[in-house]
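Presented below are the structures under discussion, each in the form of structure tokens.
Each of the two complexes below includes chain A, the first together with chain B, the second together with chain C.
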Partner chain A sequence: MSYTTWSFVALIFAAVLLYYLLPKRIRWTVLLCASVIFYAAGGGWYLPFIAATVITTHIAARAISKMASRAEEYISLHREDMSKEERKAYKAKEKGRRCAVLVAVLVLNFGILAVMKYTGFTLNAVNGLLSAFGRGVTVPVPDLLLPLGISFYTFRATGYIIDVYRGKTEAEKNIFRYALFVSFFPLVLQGPISRHSKLAPQLFEGNSLRRENITAGIFRILWGYFKKVAIADTALVGVRAVISGEGFTGMYALYLIIMYSVVIYGDFTGGIDITMGVARLFGIRLEENFKRPFSSRSTQEYWNRWHITMGSWFTDYLFYPMSVSKPMGRLTKRCRTRLGKGIGMRLPVYLATLITWYLTGLWHGAGWNFIVWGLINGVIILVSRELEPLYAKFHKKFPSLDTQKGAYGVFCAVRTFLLMGSVRILDCYGDVPRTFASFGSIFYRFDTWKDLFNGSIITNLGVGVWQYVFLAAATLVVFFVTRRERDELACDKLSRKPVLWAVACTALIFVIVIFGSYGIGFDSNQFIYNQF
Partner chain B sequence: MEQLIEILKELHDDVDYNECETLVEDGILNSLDIVAIITEIDDRFDVRIPAEEILPENFNSAKALWELIERLDD
Partner chain C sequence: MKKRLIISSAICLAVLIVSLYFAQALLVPKYVSVSPEGALTAEYYAAADETSHDVLFIGDCEVYESFVPAVLWEKYGISSYVRGSAQQLVWHSYYLLEDALRYETPKAVVFNVLALKYGQPQSEAYNRMTIDGMEWSQSKVDAIIASKTEDESFLSYVFPLLRFHSRWDELTGEDLEYMLDRPEVSDSGYLIQTDVRAAEPDDLAIEGSPLADYTLPKESMAYLDKIKKLCDDNGIELILIKAPTNSWRYWWYDEWDAQIVDYAGKNGLAYYNFIDEVEDIGIDWSQDTYDGGVHLNVYGAMKLTEYFGKTLRDAHGIPDRHEDTNMSAVWSGRVESFYSKLTDNIRED
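Entry: the complex of A and B
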């Protein structure tokens, strides 16, 4: 069930109505039923997969929680009889047992994700190797359909069990309540990857009907549709023309970098706005996933502002545990002894960074383009880190150049935007050599510059002049609205001003109806992040 | 504590670690810095900071970090 279908709108309407009609203590069951309907509507065969994740992580979390309680009880009972060393040894032994349960359930769940998502990619790579070595055999590649939202719910569930293991969140006793946390329908398609400690209390609280939640939710949903249907889908026409057309290189590649940035921003942040808005209708405030990413002055800052919940998942559950693990500690010591303190300290951390980014790329999709995308991001971050002393010297020499203000600030933001946009086109072409060739052509196919000056870059790609005018105006509106959201979200501000809220919502509806890319025979494009 | 500030100074010598209480919040310490600090602490104090203790509140100031070291050493 896509966000851009009437059945989705009907589901929200029915769920909101029922939610506020029922007594508070059972309101969460409406959310669970809506989630099951939403998920089943995508294909009934998906359900066993998400059920397997729910059941296995629930059982394991309960087991870990009980083991931890028993260990604590034992220590408090025998504190007097045990020495500090004995207590440490006992704690370590118990932690090891809990860790074994954790590892087993993680292997199982990431195993399901790996089989469903990466079997085809892996076998195709094996076949490529066999063919390269002249073997006349090929391994049959099964056509596996990816269960809806598997990357998102697997991360949500595994994050939960790691938090239970770390004692950061309570293990949920009721499996149906836990099932709601994993499958909460606004989060299924594209996140955010919410943490149990933040989301669960809101899911089960039985929130009261409050006008500001409904008005803020409606505005945010419309704002999301505006970004998705009116901006992203309009810009997508030009992007598709460049990708599928012949000879669209040089300036067209630069056009692609800019326009695909508009597409992915409108598509993903718009989708998340709809998600946030739907959750808000039930009185639930989800963690923000974006904080004006295109204003970032550096790659590191960009990744702190774009898809924040995914970034923090990888940092908290992969990068840190890997970086501070015993093998990494041993590697650090070995590197320091052999290579000196400077390189020795950096090498293991840099290795962990690259592994994290490699897996971040792989999480986005089973393809070489995603892997290369991840690795390039990792390399850019590490190179930036290596250049930090140089930047420091530069800023010491030119203290008036402030990265946060003035022309230099704008320069830094544009530089980061173009850098990230250039890496992102790996996602457009889905083909690594073609992406590099296209990007490289910007620097030698100067003949395409004439298409920029005579205007054919505008007319060649199926997007009308007025659509570009609309895109420019709409982008400016988004820029100014998000700029004013530093302290408070636009939906919250507007919910306190009924007249302005009504005008803004009516305007958004008109713009979506008039400029949106839809109509008879046009099925609005799926959200890009749905495929992840 | 002095030894800890020495470690922190090696990363960013322009910060007043006795006063600053927003090292993570203000982006002074990034994830790479944090791992470098943890490695140094392990080396010099023989205290291993586990991943679950890597929280902004534990790294926001030299004082908070020192308290974490003392707690883990206990």
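Entry: the complex of A and C
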């Protein structure tokens, strides 16, 4: 069930109505039923996969929690009989047992994700190698369908069990309540990857009906549809034409960098706005996933503002544990001895950074383009860090140049936007050599610029002048609204101003209905991040 | 706060509904100078209010380009109407007939059999041109359900704005001019074509390519059964016809024809295949077609109408209504309108 179908609208309407009609203590069951319906509507065969994740992580979390309590109980009972060393040894042994359970369930769940998502890619790579070495054999590649939202719910569930193992969150006793945390329907398709400690209390609280939640939720949903259906899907027409057309290089590659940024921003942030708005209708506030990413002055800053919950997941559950792991400690020691303190200290961190970005790329999709995308992001961040002393010198020499203000601030934001956009086109083409060839053509295919001025770009790409005018106007509206969201979200501000709220909602509905790219001839059902 | 929210929401909702109503009126295709065949379905209702019709022609382009009700009246006093539209499939014809019976009960229904070759919905654009103009009734609901292609939604028929919203960047002066009121484009369902484009000798020499299976689809034949039953239940004579064409592009195979002959024989229906009677009608493929033999132009249509009118009168007893003063008054206006449009079209050509 996609966000852009009437059945989704009907599901939300029915769920909200039932939620507030039922007694508070059982309101969460409405959310669970809605989540099951939402998931089953996407294809009944998906259910066993998400059920497997729910069951295995629930059992493991309960086991880890019980083992930890038993160990604590045992120590408190035998505190007098055990020496400090014995207690330490017992704790280590118990931790090892809990760790074994954790590792087993992580291997199982990441295994399911790996098999379903990466089998085809891996076997195709094997076949490529076999062919390169002249072997006349090919391994058959099974055509596996990816379960709906598997990357998102696997991360949510594994994040939860790691938190339980670390003692950061309590293990949920009721499997159905836990099933709701994993499958909460607004989060299934594209996140955010919420943490149990923040989401679960809101899910089970039985929130009261509050006017500001309903008004803020409605506005945020409409705002999301506006960004997705009116902006992203309109810009997508030109993007698709460049990708599928022949010879659209040079100026067209630059067009792609800019327009695909508009598409992915509208599509992903629009989808997240709808998610946030739907959750808000039930009184649930999810963590923000975006904080004006295109105003970032550096790559590092960009990744702190874009898909925030994914970034923090990788940081908390991969980068930090890897950086402080024993093997990395040994490597640091060895590098420091052999390469000196400076580079010896940095090298392991850089290795952890590159591994994290490699896996971030792989998480986005099973393809070389995603792997290269991840690695390039990692390299850019590392190069930026290496150049930091140079930046510092530069700013010392030109103290008036402030990255947060004035023309230099705009320059930094535009530079980051173009840099990130250039890397992002790996996602468009899905083909690494073609992406590099297209990007490179910007610097020598100057003949293509004439198409911008003689009107050929309009006929070649199928996006009319008025559509560009609309896109420019709509993008400006988004720009100014998000600029004013620094302190408080627009939906929260408007929920206190009923007249303005009603006018804004009316205007948004009108614009979505008239200017939205939906219906015959459009394919607005698919959100780009659904595929991840 | 709560009161202000309710009042402002109600006002904004009212503004939204009115705005969307006018937006829809502006954005739906007007079918006046471009694709006028899309306007045919809607024009019937005003005509049915004016007077009753003894003969209803139903079918695809081969009826609205082949029979001129004004000529039928002028020559034989037969009051008739053409309920045809572009690629009108058999189920469209069935539901349009069912719809027409809410207003009148003709003595004869003349059904053109070409569309029987289609067993499945074909084109969203043609669905819209046939169905959008229908007034809301159970027949329209059933027509939408029977006709819609995989990509179409029922809701987009209820609110055509959902289908045509993307026309905002291709609006013309005509969209504004005919936003709330459109001119009549047909003459009792007949669409005048005055161009002459002779059938090319090469075109005439080509025959339809062989088919793997010549059996007419069971889905379309089932709807023919339903049309027959509807006629029987209402005491209407069903007459089957095949309009004359001379092009491989719309080839009518002998094998299909044999099935219709067989069906007509078994059900006691009259069937006229005018392809076999082109010489008797007097059709000249170098003069009487506007598109190389696919359809008749007005000159061919007038010949065919005059020819078939005699059959309707003599073989099927359709009465001469010239004595009916009310009807005569209505028809004199329609005949005048037809010749006036014909003259205008010829002048423009």
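The criterion applied here is as follows: the second predicted complex is superposed on the first by the 517 of 532 C-alpha atoms of A that agree within 3 Å, B and C clash if a C-alpha of one lies under 4 Å from a C-alpha of the other, contacts with A are read in each partner's own complex, and residues count from 1 in each chain.
Basically, contacts are C-beta pairs under 8 Å (C-beta built on N, C-alpha and C of every residue); 3 or more make two chains touch, one makes a residue touch a chain.
Keep in mind that this is a model prediction, so the values were computed, not measured.
Legend: residue contacts after superposition of the two complexes on their common chain; A:Thr315 is shown touching chain B, with no touch to chain C. Once the two complexes are laid over each other on the shared chain, residue contacts for A:Ile112 go to neither chain B nor chain C. In the superposition on chain A, no contact is made by A:Val237 with either chain B or chain C. Of the two partner chains, chain C is the only one touched by A:Trp466; chain B is not.
Judged by the touch definition given at the top, the superposed model places A:Ala352 against chain B, while chain C stays out of reach. Of the two partner chains, chain C is the only one that A:Cys505 touches; chain B does not reach it.
Touch criterion met: A:Trp6 reaches chain C, while chain B stays clear of it. In the superposition on chain A, A:Thr332 contacts chain B only, with no contact to chain C. Those residues of chain A that touch chain B in the complex are listed here as 166-168, 300-301, 304, 315-316, 319-321, 323-324, 329, 332-333, 345-346, 348-349, 352-353, 385. Of all the residues in chain B, the ones that touch chain A in their complex are 27, 30-32, 34-36, 38-40, 42-43, 48-52, 54. On chain C, the positions that touch chain A within their shared complex are 1-2, 4-5, 8-9, 11-13, 15-16, 19-20, 23, 27, 124, 151-153, 155-156, 161-163, 165-166, 168-170.
Interface of chain A with chain C (complex): residues 6, 211, 215, 464, 466-467, 470, 498-499, 501-503, 505-506, 509-510, 513-522.
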